[in-house]
Structure formats: structure tokens, C-alpha cells
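Just so it is clear, A, B and C label the chains in written order, and each chain counts residues from 1 on its own.
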Amino acid sequence: MTKAITAQSLRKVYPGNPPVEALASIDVEIQDNEFFTLLGPSGCGKTTLLRLIAGFEHPTSGKLDMFGESLLDAPPYKRPINTVFQNYALFPHMTVAENIAFGLQMLGTPKASVNATVGEMMELVQMSHLADRQTGQISGGQQQRVALARALAPRPKILLLDEPLSALDFKLRKQMQLELKRLQTETGITFIFVTHDQEEALTMSDRIAVMSNGAIRQIGRPREIYDRPADRFVADFIGDTNFLPAEVISNSGEVTRLRLSSGQEVDAHARDGAQGKVTLALRPEHAELTDDGAGLLAGTLREVVYFGTDTHFHVTLDDGSDFVLRRQNSPADGNDFATGDRVGLTFPAGAAQVLRD
Amino acid sequence: MAELSNTVSQRAARNRWLLLTPALIILIFAASGPLLITLFYSFLTPGDYGGVEWKFSTDAWFGVLMQRDIFDDTLGWSDAHLSILWRSVKLSVLTTIACLFFGFPTAYFIATRPKKQREFWMLLIIIPFWTNLLIRTFAILELIRNEGTINSILIALGIIDEPIQMLFTEFSIILGMVYVYLPLMVLPIYAALERLDFRLVEAGYDLYATRFNVLRRVILPLVKPGVIAGSILVLVPSLGAYVTPRVMGGGNQLMLGNLIELQFGQGRNWPLGAALSITLLAIVMVALLAYVRAAGNEEVKHG
Amino acid sequence: MAKRGFDIRKLRGFSGIAMTCFVMLYMPIVLLVVYSFNAGTSVAIWEGFSWRWYVSAWDNEMVQEATVRSLIIALSAAAIATTAAVLAALATTRNRKFRGQTAIFALIHQPLMVPEIVTAVALLIFFATIKVATGYTGLMYLIIAHSAFCIPFAYLPIRARLQGMDLSLEQAAADLYATPFQVFRRVTLPQLWPGILAGAMLAFVISLDDVVITEFVKSAGQDTLPTYMLGQLRRVVTPEINAISTVLLMISVLMVIAYTLLSRTKK
């Protein structure tokens, strides 16, 4: 597989007093034809990385290559990379069709060919009937499609998407998620997608890079990120997680034997040879309630919250910490536990993940 | 109830006109009224020693562009007036173009400074705008006159022997007008550029537009209203300029304003002066109306 | 790093032209100020520092008279224009559109739209008739003419201030039994004050700087500082003109800075 983007020790510091380090020495490889997502809270550096790739900003140090050749000396208009901007940035003085034609015209494409491609693109995003509208006269969802068509029209090698769905309402967002995924598969263009919405990232991406404070915390497939979070930040940012203190007893490869605060022992996943006191991450849906004394941990049931598809059980463990457990509802289920009951908690070997410090 | 609100609104209207009275009296007495009298004077006959005789005549209006042959009394085009009118329009348009050439990059430069610095740079533009026009004209005069700074330095350095004649030319008038009216071009363009969304500029570069194409296809169309406003603000006072052509043109290179003055001095033809004034006013009003319509259209298009 | 990278906001040559502009705008003014301190009689050849031209301007009777006249006119015109503008702004701001509003606005803004030379000629014609009819040739003509063209300059900042004011404060005062006049004096006026001051300063500067209208309206021997300077420009210029210019320049600069500060406090 060829690498669309390779970043090595890429660093960006904004001058000021004090200087702001937006990217702290990033290493990342993005494959060709990949739907790659940069995920993180605002200010984590994901947009900065996107702007470095687009060419709107210049790195303080480090290397940035596209298909093996350095991008750093090329101005944005010489990079075969297009952007779907967060606010769409449609030209207000041009019609829908003129917006989509702009990139091709700037590349000097013959007129007939421009018209053909613009027609094709408008069909692709189902906007043909609004070709001559001013961009201020169409809805947010339609503007989003125009922005997408405009960026795709010059057939870039890489498409950058900067939180393109954040301004849309919930239903439209769901629909556009599927549509974006379809477009990416159909065109085979590398998509680099920036978002702070973990669900969006998990649904659409081939791979995800989770970022915080200008650094990449973990890169992996959605399932890997969710089931095997590398550190506390990733585990906390993506989905709900219970954190349990534990102590390492023995260590063999990826399996680690641990002792919990209750004194019980269990096997868990670990990335590298962890030792001494560690923190375990456990997803709420991976644990089960048992009778008091039967589980790995024990505590008191504080609250039962019904959510329709599932029910959440809030338990205060005997060491004083809180634990949330989620169980899918089925018609057969009875209300077998009540608030105030003493309960036990159990989870299968390997369900918990030992976190990096 | 209806009656009560009626008297209240009547009282409000009476108060309003009462408050407006002082301003209206002054403005009618010393601004609008005299304009009407000027229009009236343009249809009278000139007196022998200035002033007018109370006799109706349309001669002044013919005199704006025509003249009577001294020998056979036939009407022909007045070459002198036509050339002054042509010079007024030509120098005003050239001044506007030059102001645009210097003013746009300056406004762009200020608009792209960090926010805190912009106020300082704008103050540098606003200060000359509020300083005496005569003083600024005088400052330029001292620079380019034959015994002025530039010529003295060039002679002292031995580059030239004779001073270069810069003053009293059409060039010196344009230089003077560009100098005094430049802030009028920068202010509205800056206001438009400050509102410009630079993400659109990024989108332009992202879509393969070079710097020139971004300027031509993205920035200029978006700040067009500011450019038009600036151009009108420079064009209008240039057309009516009096002090700058008088000081920098030295009586050889008359513009419309100087021709008007002449009729009240040596020319002793007040009706012609009045007719020329009204003509100048009409030209300026046409330019202003064209601007208002252009601005209105722009609003409809983007509204 | 080989290159500094691509700057989105930069357009080639623009900074250079901008710098040229700033130098162009200020170099003549700076030279004018510098030569006002020249010990020699030239405005081009520097012969050492001296206050002599300031002293000579101070001792020049013509300059003294013109200065006093300029100040009398500018102070009177600013006072009259500002008073009229405050009243007009109160009448035309914060209310529904009324009949004749467009005409009123056109009238108030007329001095900004009509070329100065046209107004000057119109006043010359009108006042000449009155001078013949009444025999009065005093300063009132100039004061009224200046008041008229100062009105829009005083009106605009006052109106802007008034528009930005919170209407509910006046309603609160009225609710607390203040009569309309008390509301104006105790609530409206104190808030309006910076706008009034800004308007008055603008009017003062505009009046002080006027050349064209004064030149046409003045009777014989009624030179103001600017028209005196205009007359002097026809002769051989000495740095005395520079000295007078420098003083006028300083007044304008101080006024502009004060004006900028005053209009900023409204935020």
C-alpha cells in the first residue's frame, strides 16, 4: 500500500507570549484510498494538522510528504489536495455551478470539460436543479453538498474535511455520514476527516487518530480504539469507561494477571510489560451484575436508570468508587435488582484493558 | 383613547419641528437658499462691473459650452471651456485611478495587520484626512517647486544643473489631488476588507487559484462596494477641486472650480459663473446618483 | 527550513505600495514641520535650528489679526452648529419615520455633498445682495456660513451616540416621575456629552481649516489664517508659513486624537 501522507516529527508553534505549541512533534502515516479521521476535543491540534496538509500554515519543523515527495515548498494552489471547509466557505458572489467550476477553471481546464465535470458533480450530490442559485439562497445541507462537489470537482488526490457536518441537524448529519462514506468508496480518494464527534469517527473511518494537546494518543481501527484504548484520555474521550485500580501479579505477553481492590484476581489485556499499580479500563456493557459475593467486585446498587434500549446500573463499590454497568433490555427481563441491594460485579477475562500511564 | 394618542403624536410632531428649527434656518439661509438664488442668477444678464442686471437671458447657459464669434456673432463651441471641462474630467479620473492604485494595497495592508495594530495604522490615515487641505497642498508644493526640496537636493548632489519644472503642470495637480484625497479612498476600502472572510481566500488558494487569481476572482468582487464608494469619494471632490489646482496649477492649468472663480473676478460674468456652478453640481449629482444605484443593486443581489 | 512558507494574507508588492503611501503621506508634512525651524529663509536649504519664524509670525500684525478672527469664527460656528445639531439629532433619532424625513436628511447632509466651490459662489452671490441692501459687512456672514457647513460634522457623531443609547434608562427616569425636561437634563444629556464634545471638536477643526468658502464670503480685510496663507503662497514663501502651518497642524492632530478617544469610550 502506498502512503498518501507521511508526517515525521511535525511540529507547529504559534509565536506569542507565551508561544502556543499547537502540534508537538507528530508522526503519522495515512494510506492511499483510506478514510482517515483525526478525532479530538477542540484545541487538540487536529485542525492545525489539516491546515498544514492543505498548505495554509507552515510547520515550525519536521517533514511532511505526499506520495513520497515533500509538500512543504508547494503553495496551497499547487497541492492536489482540496478542502471542505467547516463553514463551507462558498463564494457568495458566484452561483452554485460557478462555485463548483472554480477549481477546474483555475487549473485551466477547457470549457467543455469544465461544464461536463460540473454537471457530473452536481448529479453526484443531487444538486442539478439548483445550479443557477446564489449560494446564499440554499439551505445549510445544500451548501454542504455544494462545498463537497466543489472540492471533488478537480479530482484531488486527497480530500480534507474540516468538521463538515457540525453545522447540520441530527437527521441530516446521519444521512450525510453514510453519503460521505459512499462517496469515498466510489471515488477512491483519500479522505482525511476532522471531527470532535466520537460516534461520527467510529461510524465512518477506516482508521482513527485520537489527538489531545497537540499529540497523537492512539492510531487504530475503530474497533481497536474502542475496545483497546491505549491510555486514560482515549478511554475517557471515546465512549463511557469505568476505571479500576489494580496491581500486576504476573505478566506474559499480552495477558496480564491482576489483583483488584477486592483482592480477587483476573486476566486483562496489556500493551507492554506493565508493573506495580495500574489502572484498568472496563466498558459498561462488558460487565455483568451477580448476586452479592459471587462477582469479582462487590458494592451497593445506588440507582437504576431506564433508557429504552438499555438500562444503566450505578453501583458504589466497596472501595468507595463509582461504577456504571449497562445491560441491553429484552422483554423477558424482570426487575431482578432494586436500589439499595448489595450486588456483585463480574466481567470475562480479557474484557478489561490495562492503560498506559 | 384614540383622541388622546392623536394629541400626543401631534405634540411630538410639533416638538420635532421646534427642535429642527435652528438647524433648518441656518441651512436654508446659508446652504440651500443660496443655491436656488444661484440658479436664478444664471438666467440674468451680467452687469458691467460684476453683479447682474435684472434682465432675463439664457446667454449664460449657452456660454457654458459655446461662445459668440466677436465678428459675425455666430454661435460656436467654446474651445477654452471645453478644454477646461475635459481637463477637469481627465485629471479627476486619473486622480481616482492613482488613488485606487495606491489606496487599495494600503487598505489591504492595514486590514491584514493583527487586530491591535490596525487602529494605529488607521490613525495614520485619518490624521491627514482631518488636517488642513491647504497645509497639505502647501507641503507638497514645497517639495516639488523649482526652489523646493527635491530640486535643491538634486542640484546640490550635482545630478541636474537646472531645476526640473514639476509645478504648474497637470502632473503636479494630479500629485496634489492624490495626496489630499488618498485617505478618502483608503477608508471605505478598508471597511470592506475588514469584513472580508479570509476563509474565502483560503478556499480560493485551495482550489488552485494563484495570488493574482485570488485577488481578481475572490477578493476584488467581494470588496467591490468599498472600491466604488472610495472612487466616488475621490472623484466628487476632484471634480469640484479649487484650492489644489489653484496652488499646484498656478493659473495655467485651470479646472472647473477655477473657471467658476474667474467669472466672479476678472471675468465679471456672474450669470456665467452661476451657470457653471450649477453645471458642476449637476455632474456631481449624476456621479452620486450612479453610486447610490450601484450600491442599491449590489444590496439586492446579495440581500 | 528553506522557505518561510505560504502566507494566505500576503499579496506581492502590496506591503511595498502601502509603505510608499505612508512615506508619501508623511514626508511632506514632516519636511514642512522641520523647515519651520530653519534659521535661513529657504524652505529647502537647512541652515540650522531656530525659533525665528515662530517669533516673526507671532509679531506679524496680519497673522495676529487673522488668528483672532479664525478663532472667533471657529468658536462661534462650532457653538452654533453644535447646538443646532444636538436639537436636530434629538428630533430625528430614535423615532418612527416621519413626513419630510428624507428632505430633512438631504438638507442636513447637503454641505457634505455639494462641492465647496458651488456653495462658496452661491454664498458670494447671496451675501453680496444683502451687503448692498443692509450695508453690514461684519463677521456674521462668515460665522453663519461656517455654522451651516459645520452642522453635518457635528450632527453625525451626536446622532451616532444617541442611537447607541439605552432607551430604557429614559423610560426608567420617566417612570420615577421625572418630567420630559428633567429626563433630558438628568439622563439624556449626561450620556450624550461625549458625542456632543466630539461633534463640537470636529466642527471647530472643520471651521478652522476652511479656505474656499471663507475666501469667497469674506469682505475686504477679513482674512482668516488659511486665506492669509493662500494669499501668501502667491509671493516668495518664507518659513513663516511653515511655522503657522505647524501650529494649525498640531491643533488638528490633537483634536483628531481626542476625537478618536472620545468616540471609543462609547463601547
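Criterion: a residue touches a chain if its C-beta (ideal position, glycine included) is under 8 Å from a C-beta of that chain, and two chains touch if they have at least 3 such contacts.
From a predicted model like this one, the values you see are computed outputs, not experimental measurements.
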Top chain pair, ranked by number of contacting C-beta pairs: B-C
Chain whose Cα centroid lies at the greatest distance from that of chain C: A
Rounded Å distance, chain A centre to chain B centre (Cα mean): 59
Distance from the mean Cα position of chain C to that of chain B, given in whole angstrom: 18
Per-residue overlap in chain B, given as positions that touch at least 2 other chains: 202, 205
Chain C: positions in contact with at least two other chains: 6, 8
Per-residue overlap in chain A, given as positions that touch at least 2 other chains: 55-56, 75-76
Contacting residues of chain A [partner chain B, same complex]: 54-56, 75-78, 81-83, 85, 87, 89-93, 102-103, 106-107, 134, 136, 150-151, 154
Chain B to chain A touching residues, read off their complex: 197, 199-200, 202-210, 213, 217-218, 221-222, 301-302
Chain C partner contacts - residues on chain B that touch it in the complex: 12-13, 15-17, 19-24, 26-35, 37-38, 41, 51, 101-103, 105-106, 108-110, 112, 123-128, 130-136, 138-143, 147-149, 151-153, 179, 182, 198, 201-202, 205, 211, 215, 236-237, 239-240, 242-243, 246-247, 257, 260-261, 264, 270, 273-274, 277-278, 280-281, 284-285, 288
Complex contacts: residues of chain C adjacent to chain A: 1-6, 8
Residues of chain C that touch chain B when the two form their complex: 6, 8-15, 17-18, 20-22, 24-29, 31-32, 35, 42-45, 80-81, 83-85, 87-88, 90-92, 95, 98, 104, 107-108, 110-111, 113-126, 128-129, 144-145, 147-149, 151, 155, 205, 208-209, 211-212, 216, 226, 229-230, 233, 237, 241-242, 245, 248-249, 252-253, 255-257, 259-260
